[in-house]
Amino acid sequence: MRIRYFAWLRHRVGTADEEIELPAEVTTVGALGDWLAARSPGFKEAWQTPGVVRVAVNQTHVTDTAAAVKTGDEVAFFPPVTGG
Amino acid sequence: MRIRYFAWLRHRVGTADEEIELPAEVTTVGALGDWLAARSPGFKEAWQTPGVVRVAVNQTHVTDTAAAVKTGDEVAFFPPVTGG
Amino acid sequence: MIRVQCAPFDAGAETAALTAGRDDLGAVVSFQGVVRRGDGPDAVDAMTLEHYPGMTERELERIEAEAQRRWPLQATLVIHRYGRMEPGEPIVLVVCCSRHRRAAFDACAFLMDWLKTRAPFWKLEETAAGARWVEATAGDEAAAARWSEP
Amino acid sequence: MIRVQCAPFDAGAETAALTAGRDDLGAVVSFQGVVRRGDGPDAVDAMTLEHYPGMTERELERIEAEAQRRWPLQATLVIHRYGRMEPGEPIVLVVCCSRHRRAAFDACAFLMDWLKTRAPFWKLEETAAGARWVEATAGDEAAAARWSEP
């Protein structure tokens, strides 16, 4: 599974993207975030602060942490957008 | 006093503008309209139909028929505007 | 800035001139009205805009000043044509610049709504059935009324 | 039509190309967002827009399709830049064409409000005090929320 980070979350994590082997028990966006948080203190701090981290699965916004993720998906984590 | 007519009201009256000698007893927009209506059947029909004739005194919209007019003013009569 | 003219205008060039060299504008909203041909027997071959020289300029200046009073605008432009024009030609251009987009959008919509009900212009359309004066619409009155202040 | 690009664009030329040869458009509303320098210690020397290639295009297409679903639009254009830009440079252009002005105004404001809260762009500002990521505002969330359907 490909994981991508953007903007200041990319700085906190220290990488723009990474390939991970998705553990079998990680099947939702929420569980994936928790699993990544256990590996990265920078990500953990942001992930545990409400309203700070947004998620897209296969380039589509996801707001429900119960949304499914599976091997082969591209999952992105980023702060609220500020374009326009 | 200079009187001006625009758009289809100009066609009805048959002139774009005219100079009149303002009778002493005509001191309001309403009285002026009535006085002009007595001279022009085309103007009279439009003037007596509610909401059809708009008035400007010295190039400023006037909505109150009791508004004052006097010798030297420029008074314009026209249909609701349709620019833009 | 307001301008009343017979000649066509280039909306892009006018807007570029208004904003040239400025780095304090966050939002530039523009409205351009264009002669629309329309369909069927009502199709318009051309349109002639009559206006009231002198009052037109004064009224547009009043409307522009009112927009500047209501919103924090850094630059405004109103160009309105008169005379004969064909489908596809521009009739009117309104540009509003502000730091923030909401003020620019609202001011531009307001300027058009007030212009439509106050600026002394009248449209004469040429169709296959002959020439006819365009009638004012209740929709335009309602649009202008939504900007009335308490 | 949507476009994501690093190079600057000419709003006037883009709008002219969109409307060229058309006589069925009554109203053309455009929004242009520009890098604003700002004042004092917060003054911005430059700004870099990061984005999510691929998702950006998809999201802009979704937003444009939603506008076309909600309003009778005859042509739409969204151009958004990424990369480094200086005060006075254009960031984004949205153009909406419709027969009537209200639809064009509303659709253009809607596109900007949704774009501001959904399109995956992030602004990094360079100031005298260093670089800082722009924070999302509650105002933008509120602006987007006013378009929610029942």
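Chains: A, B, C and D, in written order; residue numbering restarts at 1 for each.
Rule of thumb we're sticking to: a contact is a pair of C-beta atoms (placed from the backbone, for glycine too) under 8 Å apart; a residue touches a chain by one contact, two chains touch by 3 or more.
Keep in mind the model is a prediction, meaning the values are calculated, not measured.
Steps from subunit B to subunit D, minimised over paths through touching chains, total 2. Chains making contact with subunit A as well as with subunit D: none in this assembly. Taking the mean Cα position of each chain as its centre, A sits at the greatest distance from subunit C. Centroids of subunit A and subunit B (each the mean of its C-alpha atoms) stand 72 Å apart. Separating the centre of subunit A from that of subunit C, both taken as means of CA atoms, is a distance of 48 Å.
Centre to centre, using the average C-alpha position, subunit C and subunit D are separated by 23 Å.
Inter-chain spacing, taken between the CA centroids of subunit B and subunit C, is 26 Å.
Looking at subunit D, residues 33, 112 sit in touch with two or more other chains.
The residues of subunit B never reach two or more other chains; the list is empty. Every pair of chains meeting the contact definition is listed here: A-D, B-C, C-D.
Considering their complex, residues 33, 49-52, 54-55, 58-59, 80, 91-92, 112, 115-124, 133-136 of subunit D touch subunit A.
Per the touch definition, subunit D reaches subunit C in the complex via residues 10-13, 15-16, 19, 21-37, 86-88, 99, 101-102, 104-105, 108-109, 112, 143. Residues 4, 6-8, 56, 59-61, 76, 78-84 of subunit B are the ones touching subunit C in the complex.
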